[in-house]
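Same chain, two partners: subunit A is paired with subunit B first, then with subunit C.
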Partner chain A sequence: MKFFRLMLKNIRRNLIGSIVIVLGTMVLVPVVIFVWSILAFLDAATAEKSKDFKGIVTERWRLPSQMPFAYAASLSEGAASKPGDIKPEDSMTWQFYGGTLDPEKRTRENSMFAIATEPRKLRTMMDELDTLPPEEAARLDEAIQKMEQNRQGIIMGQDRLAAVNKRVGERIKLYGINYRDIDLELEIVGTFPESRYDNTAAIHRDYLLAALDAYERQTGQPHPLADKTLNLVWLRVPDSEAFAKVAGQILASPNYTSPAVKFETAASGIASFLDAYRDLIWGMRWLLAPALLFTLALVISNAISISVRERQKELAVLKVLGFRPWQIMALVLGEASLVGVLAGLCSAGATFATVNFVFGGFKFPIAFFGAFYIPADAIVWGVGVGLLTALLGSVMPAWNAGRIRVSEVFAKVA
Partner chain B sequence: MQISPALLIPLAVLGAAAGLLAWRGKIPFGYNVRNLVVRWKTTLLTVLAFVAVNALLVVMMAFVNGMYQLTDSSGNPANVVVLSEGATDESFSNLQFTDAGELESHSKIARDNGRPMCSREAYLVVNQPIPETRPGRPPRRFLQLRGVDDPVLSAGIHDLQLYDGGRWFSQAGVQQLPGSGEGSSERSPAIEVVLGEGIARELGRDRNAQALQTARNRERLDVGDAFVLGGRQWLVVGLMQSSGSTFDSEVWAKRAIIGPMFGKETYTSLVLRAPGPAAARELKDYLNLEYKQAAVQALLEEEYFANLSQTNKQFLVSVIFVVFWLAVGGACGLMNTMFAAISQRKRDIGVLRLLGFARWQILASLLIESLVMGLAGGVLGCGLGALCNGVKASSIVSSGQGGPGKFVVLVMTVSGDTVLLGILLSAAMGLLGGLLPAIVAVCRRPLEALR
Partner chain C sequence: MRCAAVRLIRQPDGRRDPVTEQRWIVRIHGVHRYFKRGSERLDVLNDLTLNVPEGEFLGLMGPSGSGKTTLLNLIAGLDKPSEGQVWVGEELISSMSESQLARWRTRHVGFIFQFYHLMPVLTAYENVELPLLLLPLSARQRREQVMTALDLVGLSDRVRHRPGQLSGGQQQRVGIARAIVTDPTLIVADEPTGDLDARSADEILNLLDELRRSQHKTILLVTHDPRAAQRADRILHLEKGQLVEQRQAEGTPP
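Up next, the complex of A and B:
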């Protein structure tokens, strides 16, 4: 306890050095946390799960996948047709509809992409929306119910809603971008909770299909995209065995030949997409994050070295009083670690709270992920980074402090 | 190496101030230099922190520069890209054959031996299963195919040439491989393709050790090599000199073969060559405002690629964010060094004051000391970071309006601006980090300092 108190006193007396360590840690730890948050999210998204995983059915060869809607019903059943075939636990179809509020002057702000789907599946099949806290879940459920009753309803991400400068309850008209001449009149019935869906919107698939039918009635011919309107089908299966069985059913089915389809895990699909970013991700993992830690360790090492040099007399006195070299080393290491840990904790905590609750995540343009959030693990990372860099930075100064020769120090004083 | 005049101004101001001080300022430079040498360990640690910050800045900026270079240099000012109306990306565009015929007959389109310079193209992104997946890599990749009708004409419009030893694919677009055909398990002829350099390198990595031993080129696929896609053999007949453009990551083949094969029965885009940039603008306006035969939208090719720079902008913002915080961290380290240096030299500073040096001269001397550390770290860091110049990296460029964007191989480019920016940032960090300690030092009274 006395040793600890001595550490605290030393930290207070060496105020400038301590402040520099705190400032350096407070400034650099958030950047490390940003980088690691992105990497941790991408690693989790591309890691295969052992159970309760989702698979995606898409067109086998082409991107973007465009399948006939006639595939939807049987694919949602996992192409189960014979006794003994396995059906997925849940499913969801996605049709992408792009529209703009102003067809004369289309901008990023007045345009949006919406997922046309079965409204009730938003809560059971969409990542993160299936595990919402009760209050947010209730709000979203209410919006979904409105969309079930009114197929012209639209649920929008909060950033998108702000970008188009509209409010819940207002009506909008979207002029088709990818579905030319398919314009939709929609009523905003709710928003997604603050999440990765901040820039997404969801509409009722029946409304899009009805609009395509209406086009055919009016023009006498089907819309050019009428037989290419199904983009993805999500299937939830309990385990890898069921996944393999369902995959076999789909691939063996003669119903999906023009175009052919493929069934892959969500992790595999995301990994293929992220492959284009592999050099960037490599750079973040192996260049940026280590360089940040190196810089922080250098700043701390410099501060501790200076502090040890300035306190040579004091350390010599401690030796005269009976402190062993290892105790002096421990004192210097302990001071640096204490400051590092506290600064890391405060910095990580502040980053976690500010980014998640004030800014609603941070934007980084990788693949289709709109925003990244700081995971709760970041608090541990912050403490770890503070401790690790403080220890790395103070090893040499602590070693030198332990080797101080009393006679030399007092000879200089004399 | 091009340098923006805007960046030269602060450098010139800094140089002029240093020159003025050296000429008229009576600054004890020798004293400052000796101090840095005597405290070499602290100096070295501080400089190293600056090296790390600047090296990172240069590497990250080189990546973003590479992306901008791709989007900026892929277009020809006399080319007009025609997509179907509303398409946000080539992948979403559908142009009918009849539309193409009508469009290319327009009088504003340049002619080559009487033929309209119109490149009819079908751009496709397809899934390619990777035969022997390497650990940690996905089992398939997205491959960008560009089907064209007349490769020589299309290459001319896009200003692309082939490396020696290659040729454009034939009129038939297919070729029987030795040992294939009748009586062989591989009956279909191979599809002839021309590859961009970047994708040739990428596909070359799929080869196993055995294949590499007999490979013509171990770095990339070369003329005569083949790969598998969609259950067919694809034979490389040429390699494009496409480095630094988005075409570097593309596979070109006969449209009439790959279109039906992957379910794209229409063109995605037409690229029209006008006699000059002004004529290209006129052609674009005509197609957007007056042309009524088909619902199309026209863009200058340069505009089209500039629209793909949305990702570049977002990356640039991220780089600025990271560098800002790194710079603050580096400046903290320098401030600590200077505070320590000054507290150890209280008496020296007192003596200098008594010798007649004015406060501003001592302030300038201490600032120059921190500036020297910052600049030394900056120059070394920029030098270290510049080693990445020319390194190839993969990424995506996109308009951010939906669509997969384009998968590209970029060449990391360390520009003069990046180096100068790094040096100026170091100078700013040096000055800011040294300012507070220097002010504290000169505010002390000489006799107090000597006590």
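Up next, the complex of A and C:
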């Protein structure tokens, strides 16, 4: 405690150095937190659960998966056909529809990615939408109800709605991109709460199927993709035992041979999707984050080195008074660590509050994740980053401070 | 001043002046100090022998580069001789490690600098308290010793002042309080009046004199100022690393 007061006083003595450390930490800690938030989220998304987990049925040999819609009903039942077979607790089918508001001049802003599905499953099967606060849940339920009653309804992510400059209640016409000549006239019945679905939309699968039927009626032949519309089937199972059983049922079924299907955990499925981003994620984890930490440590090292040089006489006086080299090292390390920890804490706290509560997450589209939130753990990361970089940055200056030779310092003074 | 940190030094008979029966506080025997710069050797102290009895006020004079500060650093345990032995009290400090010397300095040496070298962000009280932080004392014991030391130098009303708020003479008094707060065996002062006007210099010298008389401190004073040296019991002249003259200060009985 008696040395702690001395450290605090020395921080004030070394005001410019302390400010440099604070500024460096305040700038770089948020970037590290952004990177780690993305990585932590992706790690969590690809981590296997032991209970209440979801699995994905996809085509076995082709990516993107394009299964016939005829698979949907029986796959949703987990291919249960015999007594003793078990059924999933819940299920959901996904058909991807990409469309644009302006087929003549397609841009990122006027294009849209929608999941055609069973509306009522949005609340029970989609991550984050099953754990909404009551107010947001009620608003989404109301939109889902409207979509159940009006199959031309569309629920849009808030960013996508803003990008196409439309409001709830307005009508839009989407011209098919992947489903050529399948154009959909839709009414915006609601929005997703702020979440990872900010850039996504959901439409009623019956409307997409009806549009494909209409195409066949009008042209006299089925749409080229008519037999390949089912992209994913989500199944929820209670535990790994049930998962294995359902997987066995699906693999043993003669109904899914052309094309063949596979059933994997959601974590494994998401990991497959993220495989395309493997280099980017590797770079973020092993190049960007360490480079940021290294840069911060260099900034701190520079600031502390200047401070140690400026305070050589004072440190030499401490030695004369009887401070041992390790005590002087500890003083310098302690000062830097104290500033680093406080700056890291403030920076991480401010990042957490600003990103989550002011901006509603930060946008970084990767795979089908659009926005990320800063986890509460980031405050601990901030403290850790501040402490670690301050320690790394001050090791050499502290070592030099401990090795100051009194006779040389005072010889220079004289 | 009573001090919890003070240690009694038991002297064997051989460490007393056989004639006056005085106790030697400093005994330097056959000390050489040289520095190597590449292949060149720079001799600063040559075969120096010196005994300083307890309670003596010793003045060290000599031109720049004569080795005064080097000798002071050896006696204060800030440097080690290239050859020879340095004893302070019972301790052979020339054979101690850097850590041992640091611990020894806290308890046995008070150092007064020409330019005070106070910590600018610390108050007078905190500056004086610094060496006590290294001793196993309670906050109350530290406060008592700091206040006693500041009282002795006449600055008990300036405890909360920072160095920048004090005059040069007052800053040097704080420096002296910091040097005596651990009740050291030896006080070494390297040109303590070199940065002061004549009046402040006199006050500081009076204070050192008073400390020697009332506290029985042994004081080693390096100075260029003959007036300062006159206060010493004995003056040693160093030239080119050797004691070339040794005489009693004026007015001091032989």
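Here, the second predicted complex is superposed on the first by the 358 of 414 C-alpha atoms of A that agree within 3 Å, B and C clash if a C-alpha of one lies under 4 Å from a C-alpha of the other, contacts with A are read in each partner's own complex, and residues count from 1 in each chain.
To be clear about the criterion, contacts are C-beta pairs under 8 Å (C-beta built on N, C-alpha and C of every residue); 3 or more make two chains touch, one makes a residue touch a chain.
Note that the structure is a prediction, hence the values are computed from the model and not measured.
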{"item": "Touched partner set for A:Ser407, first subunit B, second subunit C, both or neither", "value": "second"}
{"item": "Chain touching more of subunit A, residue-wise (subunit B, subunit C)", "value": "B"}
{"item": "First, second, both or neither for A:Ser301, with subunit B first and subunit C second", "value": "first"}
{"item": "Partner chain in contact with A:Pro30 - subunit B first, subunit C second, else both or neither", "value": "first"}
{"item": "Partner chain in contact with A:Ser240 - subunit B first, subunit C second, else both or neither", "value": "neither"}
{"item": "First, second, both or neither for A:Asn356, with subunit B first and subunit C second", "value": "neither"}
{"item": "Which of subunit B and subunit C A:Ala291 touches, first, second, both or neither", "value": "first"}
{"item": "Which of subunit B and subunit C A:Leu321 touches, first, second, both or neither", "value": "second"}
{"item": "Doubly contacted subunit A residues - partners subunit C and subunit B", "value": "none"}
{"item": "Subunit A - residues contacting subunit B, complex", "value": "16-17, 20, 23-24, 27-28, 30-31, 34, 46, 59-64, 96, 98, 108, 111, 113, 176-178, 180, 224, 258-259, 262, 268, 271-280, 283, 287-288, 291-292, 294-296, 298-299, 301-303, 305-306, 309-310, 363-365"}
{"item": "Of all residues in subunit C, those that touch subunit A in their complex", "value": "69-70, 73, 76, 78-79, 98-99, 102-107, 111, 113-115, 117, 119-122, 126, 130-131, 133-134, 139, 178, 190"}
{"item": "Residue ranges of subunit B touching subunit A (in the complex, touch as defined)", "value": "41-42, 45-46, 48-49, 52-53, 55-56, 59-60, 63, 84-88, 91-92, 94, 124-127, 137-142, 230, 262-264, 295, 310-311, 314-315, 318, 322, 325-326, 328-330, 332-333, 335-337, 339-340, 343-344, 393-396, 400-404, 407"}
{"item": "Subunit A residues within the subunit C interface of the complex", "value": "2-3, 6, 9-10, 12-13, 313-314, 317-325, 327, 406-407, 410-411, 413-414"}
